[in-house]
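What follows is a pair of complexes built around chain A, which joins chain B in one and chain C in the other.
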Partner chain A sequence: MWYTAVAAGSFRRYATYRIATAAGVFTNTVFGFVIAYTYLALWAERPHLGGYDRAQALTFVWTAQALLAASALLFGGGLDELQTRIRSGDIAVDLYRPADLQLWWLAADLGRAGFQLIGRGVAPMAVGALFFPLDLPADPATWLLFLLSVALGVVVSFALRYLVSLASFWLLDGAGLALIAGLACMFFSGMVLPLRAFPGSLGEVAQLLPWAAILQVPTDVLIGARSGASLLRGLAFQAAWGVALLALGRLVQAAATRKVVVQGG
Partner chain B sequence: MTAGQLIEVDGLEKVFSVRRKAGRLRRVRHEVRAVDGITFQVPRGEMVGYIGPNGAGKSTTIKMLTGILVPSGGRLRIAGIDPARERTRLARRIGVVFGQRTTLWWDLPLKDSYELVRRMYRVPDAVYRTNLDRCTELLDLGPLLDVPVRQLSLGQRMRGDIAAALLHDPEVLYLDEPTIGLDVVSKAKVRSFLREVNAERGTTVLLTTHDLTDIEQLCRRVMVIDHGRLVYDGSLDGLRAAGEGERTLVVDLERELPPIQDVPGARVVKVEGPRQWLAFPAAQSAAPLVTAVAERYPLVDLSLREPEIEGVIARLYRPSAALGSPPTLSADPP
Partner chain C sequence: MASEAVPERSGRAAEVAHGLRAYGLIVRMWIRSTLAYRTSFVLMALGNFAASALDFVAIVLMFSQIDALGGFTLPEVAFLYGTATLSLGLADLLLGSMDRLGSRVRDGTLDTLLLRPVPVFAQVAADRFALRRLGRIGQALLVLGWSVTRLDVDWTAGRVLLAVVTALSGAAIFAAVFTAGAAFQFWAQDAAEVQNSFTYGGTTMLQYPPTVFAKDLVRGVTFLVPLAFVNWLPALRLMGRPDPLGLPGWADFLGPAVAALMCAGAGLAWRHGLRAYRSTGS
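Our next item is the complex of A and B:
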């Protein structure tokens, strides 16, 4: 599969910008502290909120910061580049290649996520573990399952962002939609508050939406809130959303490339 | 159709439906015929210039030829492939270069992009080596291979893009304004390379440009498109002659007569019943012509038409014409 070359190239692209990476790590770490203290206050008031103890809640915070860039929790994540290419007409260049547009961008996104998991994930998590009592697994198998779950989450995140980006074929300016999509992801992925801590049926519904596959499920795997059958169900849930959204993306892509004018001369 | 024609275009059309504001809420749909019935063939190994003013339909044609726009009508085959239906299969056999866009990986060294091309087009190692070496040599890419593309000058990037389009031995190369924004030296380098590639490998080249020197130095055949129609398809010399311009005298005679022959300086280009069209050089006065026709033929009415096609070409030629020189094609700007 030569698409791995796309992923590898994308990894190297992101690796080129070291200062941007460092700035990102700094931001993630600062946010981690702010939210961690907020959670400490919240959990002091409501211990075992959503079934998490204090250490699990803190781990949730730092996992979210570690995955913020890799899983593109605020959207963006390189697919704003796709939007720009559609608007400027540079997408024509992508279409001249003997490549499938969706697979190309999926490969590029996985490469990006791979770099950002290392470049922007490890450091905040380490700082978090240094300053707060985190509940991290000792078992390497759990870490591997966590990474698998993160990878599936990235695919779901990509599939959603790809759909939003394709809308630029019709909207021309997709910035507004991207903003809404970013807010939806921030809220429904569990980044603001774990979905299990949402009250009543809102929490139940939120845990069935695709955004839950991006952060909530991987984090639950890491902190041991999912194991055994529940863990398998979680992974299946992620895979199902990934497949469904990628398939939807293909349909929209076919419609877009069939109908829509490639912008510019 | 004839064998040996690599590009076959027959009655090609592209109609865009555009909605325009017409009042506060009302939108009126109207059609824009970007490409309006174009027919041409390009045999293997030919280098053809495709020119026309901005918005004439050049890029739209190229997008259809590469399969990224679906034609509204007409027939289109590249090496027997219908581009819109088999875009990916066609993509393996063509190369495309845009002067204003790049296929290269912006943040990475030039050679990384070539490596990706090798894997994407499944170029055999030996072929890849040969082609890369040849491109590197002819386009002076040696010192640039390890430089990130964003650090290349426009001329360097352009050469890099052209090499990227040729590593997989395409049968057809589409070049959309490959010399735009380049300095004289870079232009010369790109042109001599294209000549070389065409001569060495017999790559068919279709080239759009606003720089007529490109055409003059590369193409024996030129096609001119305006308002979506092919208004000229022929040799460069023919284009020059057309560029000097002809006007048309349309005469209505009393009855149908054989084509007017004995009027000096004019030739009949069309006869339709009692109406005849006489073409004559734009620089010549119409008065003696009218007198001559009136003396010898039963003239009922007449009208004078200014050139349409030639108008386009005259515009393209204006820079050098203004210098008072004969209409040679414009030289590189200083």
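Our next item is the complex of A and C:
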């Protein structure tokens, strides 16, 4: 299928941004160090906060930095291009192509995430493992389940960003909405603090929201906080949000293409 | 004609005055254009406020579980947070658009700036001046104000002066980092993110007490990239805390000197980068 070609092309495209990738790795690593020490101080005061021990908390920090680009935790990830195409009217060209708009961009996003997982993820994680006692699994099966969970997380992240981009069909300037969506993602994904360490019911509610599927669940799989039935529930939770949000995206897309006249049309 | 904008060659002072005047004119133009869309401006400023506040929310969430972090209470951490964020916010407001230099080098639009009879630095610094960045400054001032009412510090005139000088010299230190980062982009055009490590990453570090970090890391931001002078050393003195490296007492007052040195170094790097610039293409 040509969607594979789109994904492969997107992978290659991001692979050409070598200096930007190196710069990103450097920045992720610096933030990893800073945040790791603040978590060490926090877990020194409250050992077993959120059910994590020290090594698990440190692994959370470095996993978050490793997934930052791939899972688009700051809500970039190239979909601003779609927003620009909607605003400029170029989207009209995309719509009469014999390919589905949503699947096209999903394929491109998966290709991007695939490269950034390798290019931006491996190095910070390796540095983190070198300088801190991380709790990384020894058996390859857990790593495979982690990768599956990351992939599901990327789909959820894409579905959310796609919805935000489609809003540009109705809003003249999507910058405000993108900003709010980005903040919500940072806060409710666990990027600011693991959701399990949130106080009281805030943590319980946050773990039911779609953003939990992007970082919290994959990390829990990696550090062994989810196994057996709990692991399956986690994956099902991610898949359910992915399907629901993609379906919502299709509805909005249908409404947009049926009712909205593109710029200048 | 532009003749009145060209400086009479009466020395450095006239050049600097000319650059500042040009900076002011470009900034005023961007502010006028921003305020043409008032609702959009207010929303973006609020967004900037909220984005900045997210870091403090993390700290508050942490303190909902603990009483002290690295031996520091919430008001003390809030004071560190407020001073670091205020300095970053000021530098970001004045020079924050400089990280667009890399993309200007890439698409060749920097050449347009070279043709105008205005210092390139003033043009790049004022480019797309973003008034919404007042949001971060406002957020920092709120946290700072709250922490001051909770801290047990006797605010004599000397201490107030130290706090004000600290905020300004801290802003100058970050301004030097922004400038050096922009100069670096003359060579590594895509590397805009590296300077985020020092500006945003550095600020995140300075928002927490130095006791939290490994000694080597604290040494690094004291002697290598001297961000510790932005707020750590003077703030620790104001709060009556010893500094973890045990530096002599006068080091707490070195902020302005460090800022001046860093600005001079960044200025040299900028000149060097601009001179080495050979435009895009073949």
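One rule holds in what follows: the second predicted complex is superposed on the first by the 263 of 265 C-alpha atoms of A that agree within 3 Å, B and C clash if a C-alpha of one lies under 4 Å from a C-alpha of the other, contacts with A are read in each partner's own complex, and residues count from 1 in each chain.
Simple rule for what comes next: contacts are C-beta pairs under 8 Å (C-beta built on N, C-alpha and C of every residue); 3 or more make two chains touch, one makes a residue touch a chain.
Please read all numbers here as calculations on a predicted model, not as lab measurements.
The superposition on chain A brings chain B alongside chain C with room for both.
In the superposed model, A:99 makes contact with chain B only, not with chain C. Legend: residue contacts after superposition of the two complexes on their common chain; A:155 is shown touching neither chain B nor chain C.
Shared-chain residue A:5: touches chain B; no touch with chain C.
After superposition on the shared chain, chain A has more residues touched by C, the comparison being chain B against chain C.
By the touch criterion stated above, A:33 is placed in contact with chain C alone, chain B being left untouched. When the two complexes are overlaid on their common chain A, residue A:79 makes contact with neither chain B nor chain C. Of the two partner chains placed by superposition, only chain B is touched by A:257; chain C is not.
Shared-chain residue A:199: touches chain C; no touch with chain B. Touch criterion not met for A:212: it reaches neither chain B nor chain C. Figure note: vertex chain A, arms to chain B and chain C, all at CA centres after fitting on chain A; angle 90 degrees, rounded to a multiple of 10.
Using the contact criterion defined above for the overlaid structures, shared-chain residue A:24 touches chain C, although it does not reach chain B.
Once you line the two complexes up on chain A, you'll see the smallest CA to CA distance from chain B to chain C is 9 Å. Within chain A, the residues touching chain B in one complex and chain C in the other are 17. In the complex of the two chains, the chain A residues touching chain C come out as 17-20, 22-24, 26-27, 30-31, 33-35, 37-38, 40-42, 45-46, 49, 173, 175-176, 179-180, 182-183, 186-187, 192-193, 197-199. Interface residues of chain B, counted against chain A in their complex, comprise 16, 54-55, 58-59, 63, 66, 68-70, 87-89, 91-92, 94, 96, 98, 100-103, 105-108, 112, 115-116, 119-122, 148.
Listed in rising order, the residues of chain C touching chain A in the complex are 40, 43-44, 47, 50-51, 54-55, 57-58, 61-62, 64-70, 188-194, 196-197, 201, 204-205, 208, 211-214, 217. For chain A in complex with chain B, the residues that touch the partner chain are 2, 5-6, 9, 12-13, 16-17, 89-90, 92-93, 95-100, 257-258, 261-262, 265.
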